[in-house]
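The first chain written gets the first letter, and so on, giving A, B, C and D; residue counts start at 1 in each chain.
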């Protein structure tokens, strides 16, 4: 029994490539389409509008196709209210649950379009009937009795239109390559960061221990001190080696200023952790004068929140490390809200973790010496992430330099 | 003085993403467009047709935009004959020369559309007025007095439409990743190779010495013996180590069957070369019974042509190596003609060289353990290349296995 | 005030390179040495014995040098008992604490040499005076009042002598390279695994989700079913995607048998997790017939313990995942005891975690497509790890094949 | 019939690890040893002397072992003159030919020790009886009638002793890792370069096109202008894109100062080549004012010789490119003589080519974003090469900066 239904698309659907992806998806999935209306935006600023009849071999296939088109922003012309089902146990989803994208999302309920708060990918929409509010909730937080949205009907997704502005980074987006003009890219990132801060925006940083091992900690500390960073996401290793470097000049026992192995250096990171445990916390260690410079020092001194998530390979760990990863994830989520840009440097684990929880409209830059890291981040759904293949130890000093240069803006 | 002109687009222009890229290009370059006609193919098999008026700030900018659109397949509705200019010296191009894409191309001359022979990227079109023939010629072969096509007027480019058939590889095309189902991909490549051979098609292989070092030479030799390969492109190293392995069981001195360094093994590759020089050529060494198995042996025995291009790092080299790279390039070009598929394994240098000379419709598969190699190949213009991130030493034995399996076709 | 002291070295100190490293260390650190006795083992099986007088500019420098030599196995000819100090708080180390290597270690107390149990790197030695027992304890487990060993006096370290047997892997140890004979290496690993199992030994596996994404799960499941694996260390991702593949044929939504994106596939991993939560645990999901094949299935059916450690990027997670990383670490430690070999595939995080807790005499093989992963593992102290640069999706099917081949042993 | 012979070793044989490697080699190859004399250098500056009796199962095995020990510097106590055999054809080696190491080498003839000129690895020693001179000759240059040294008797190799001075780079030598303090390493390289130039030494650079693509050309041009470079080795790509950048601000069509694709940029590199062909050569293009800045410009202006070797993937090429790789190799060899340091950046092909021809005592630094490149260089025999895993686009600007800083030397 062949089945068909009409959908509509609106916005910069050609310009943003959505039209193409809709056509592709339908044909790839064995369906067919007929265009009934196509009002093409004639000029740059105009949006387009299209209606298509989608056909498939049967109702089930049609639903499959529509489910995919939904994620691209397609909607039924006359939309019913979203269907809800109660979770019948904690962390147990009803069959047919709706799974979120990382794009801005709206749910129709009581004939009103309700925006979904805290959107992130691979989560679920819980609707509060009394307050008519909708929230994006991860599986781990689903409670018995929650009203979970089922299926795509009554849900509207707004994929980001391709901004002409972001375009300045566009060239890097096609392929992740080490053959790009490093200083030019760094200047652009510096310029973008300045603009965000001038407009009162917020920037987060995600960092791995390579920042310390490559001796880029002084540069990052300076960037924090200058007020460019609003929150730091990292693990035990970044904080430990930052403090180790501050106390002993070493990282994993290597003297970073001479590049040689320090005498007894293998003990330094354990001693650093032990000293912070003795003080009680990183903050107290800073206040007691034990920690006198570095990334963590600047965070404490400038009241920049940091989230240190535990991992199975941690030594110690430092008392500030949240050893339960689910609690750490919640803390990370809270601190991600409202960020305009996130810069990820030298850590695949934390980058993917943060990427998972970011809406698609947050500018995301991933700096890694290994091009495969950025590919993996994109594969995990953070398709907005822009990759920069570079060495943290050379990247951060240059970024710090260009953030200091006032001349940048006029240059651009 | 604002300038504008009308262009037309025809074919699977939405389906193939060309429409999107045209719109993007215009806006990125500061131009604007108005759609005057848009006949959308209503069904899967239908083509679309569009006419757009492109506007730019002045004639020069407009020409710039049209030049880029040309490469995407756009054409002026009423097309003039191509403009020609004589080369006034060997290897000297007239100003404004037309630079080729790797897509099928036609030149209008004497009001006829003449197909350009031997198309490849970054070359030039030489028109023979008497015979009304057009040929794609690299800079090195331009002769004084050649009629060179100038500008894009009168030139038509036909970018490949996205074939539903090729689609089976499509999933790999988005990003180059090591996280793909290796055996599934290998099965598909085997299946594609079988189909090509059944239809009388031709397959070329481009290989680096990693094939030998990882002990995949027996597998490749078998694939050649079974008749799947029509031409081999390589350098001195692949042939030398293949013969070294045949004579001594070693590659760069390592015994490949035990993984240990062979006694006196450092001399083996030089001895292998010296023996072939003594015999006169690889063919003679095979005929004299010096070389008894391996890749080069199978090439000789099965009359498979091979092109061994010299490089600055060659030891020896073997007498069959073409030490002048321009002559080697010509030989490579000749042998590339008529291939339907090229498989590149473990050599960036030769892969880019071959990629440069391939039309965009030749199926191109690039197998490398380093994802960055495929990115680089794409960056150099071979955007049709599909990357497989794998280990030659494991990939080729599995490919050989699946080429032997008759069950494959029914499985698919 | 120049200071000097005599040390002695015993064992295969030349053969194993320890003599060289001792001389290097002394000279690098600005010291000097004089050899007073040198009885060189005349034959292969003989050990050597040397006494050296080490000199430094002052006592402090001398202590520094001796501390490093200690880690190489050097000892004072007449050894005092170890010095102890009480921890004056939980997780707080006394100044001068001894930091362990991952080599077998003995402590002299009450004039007896007591072996240190559960040795692993970067931990501490707690001595139980009543029972005369010594245990290696990580910082997190130090309790107030524990008797902690201080300094190197009275501690003896026995670095592994270079075994002629392990030698078959030796060739790979020099540099981590993709240019090694893959099948030969796989055959050797298979042969080694068989030998270990025949001698009643135990093998652990550490795996990342790339095993599933590359469709190597059936091969690993078979290896487990055949009895080669005694314990599995992984994270939420490996188990989730293994179960996703079992339930839906997909991994991260990609159909692994066709290589295409599955309809609605983006929901599959969440559904898989939700189903296991509903069942209560992986074991229950197996028993209820929800999970019918795969890695986790074989673990349950064959009573193979598994430790799934949580990480900040986890979706769900599965109910079997230990979300507190310190508890997960303890569980990992318990299950690592008594292993003779550990194979690590496609996961840097878990490989480093496991590597941190392994004694240096456990055979450790690290398979990764990225050579830098093995380098990092070595840099973190697991210098015994042998790297194999290969693709999990091709490596595991070949390993499974060679484990089945009875002919292997005679071949070698 | 068991066979044995006595060898002697002299020098810093413990300190440099040679003793260890000799013992290893003998045992690995199934032989045995007995130490008859062992005078250990008592102090840092003293050399050691050892005599060993090497035993093997038969004469052939013994020869195999001695052949390997020879390469480590071992020699027979009473040395015969070297054995010679005439080449009976061009490029045809007599059986048993001696294959060179890249260490300083001496041949005994007429009871005199003759130093071998122009030593490099994998070549042969031709002895001129009249002049009593010995030269290292590659296979391609062997002429009929040349007196070729056969076997190791009468040949003495002097492996580099581990210099305490070079030691400052030592920390990087263990493993090639991206986790090293980038700025510290760059400072050290700058300091080493300054010292070499102050002592009248010579520095060569080997560069790939990534230098241009990452926009590091201005930095390298400055380093050349400041007099730090004595010769440049590269290919067509580096020179072409350097000139393209100079003429158009682009590299492979990308505007390096904005990071966007330039209008019509795909033609720029061909135009650049064509312009140079028109001028006749790079030098003439500089003199005619066509090329006004950049790497090639500085080479011409400062009379720095450059060798541009052709490769199969070349567009054009530029008229200065030597298209016959054997001629290019000879040119490279000539220009390598007398260099004290070679810095290789972003090109595996040319780095291996240059590495092949360098004596082992030349300081060799290889900068690449891919750690596997350095591994490959080492695997090819250039074991003296030190790897720096960094991004050319960030590395070179920082190197230029530190070369300018006078303060460096006092800092160290």
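Operating definition for what follows: contacts are C-beta pairs under 8 Å (C-beta built on N, C-alpha and C of every residue); 3 or more make two chains touch, one makes a residue touch a chain.
All of these numbers come straight from a predicted model, not from anything done at the bench.
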item: Chain whose mean Cα position lies farthest from chain D; value: A
item: Fraction-based call for chain B against chain A, same above half, different below; value: same
item: Distance between the centres, which are taken as Cα means, of chain C and chain B, whole angstrom; value: 45
item: Centre-of-Cα separation between chain B and chain A, whole angstrom; value: 37
item: Gap in Å, rounded to a whole number, between the CA centres of chain D and chain B; value: 33
item: Chain C residues counted as touching two or more neighbouring chains; value: 170, 178-179, 252, 260, 370, 372, 379
item: Interfacial residue positions of chain C with respect to chain D in the complex; value: 14-15, 17, 19-20, 23-24, 27-28, 32-35, 38, 40, 42-44, 162, 164, 167, 170, 175-179, 371-372, 375-376, 378-379
item: Chain B residues within the chain C interface of the complex; value: 168, 170-172, 178-186, 188, 209-210, 213-216, 251-252, 254, 256-261, 369-370, 389-395, 397-398
item: Touching residues (chain side chain C, partner chain A) in the complex; value: 29, 64-65, 67-68, 71, 89, 91-93, 97, 99, 122, 138-140, 235, 252, 260, 263-264, 266-267, 269-271, 273-274, 277-278, 309-317, 323-326, 328-329, 332, 348-350, 352-353, 356, 370, 372, 379-380
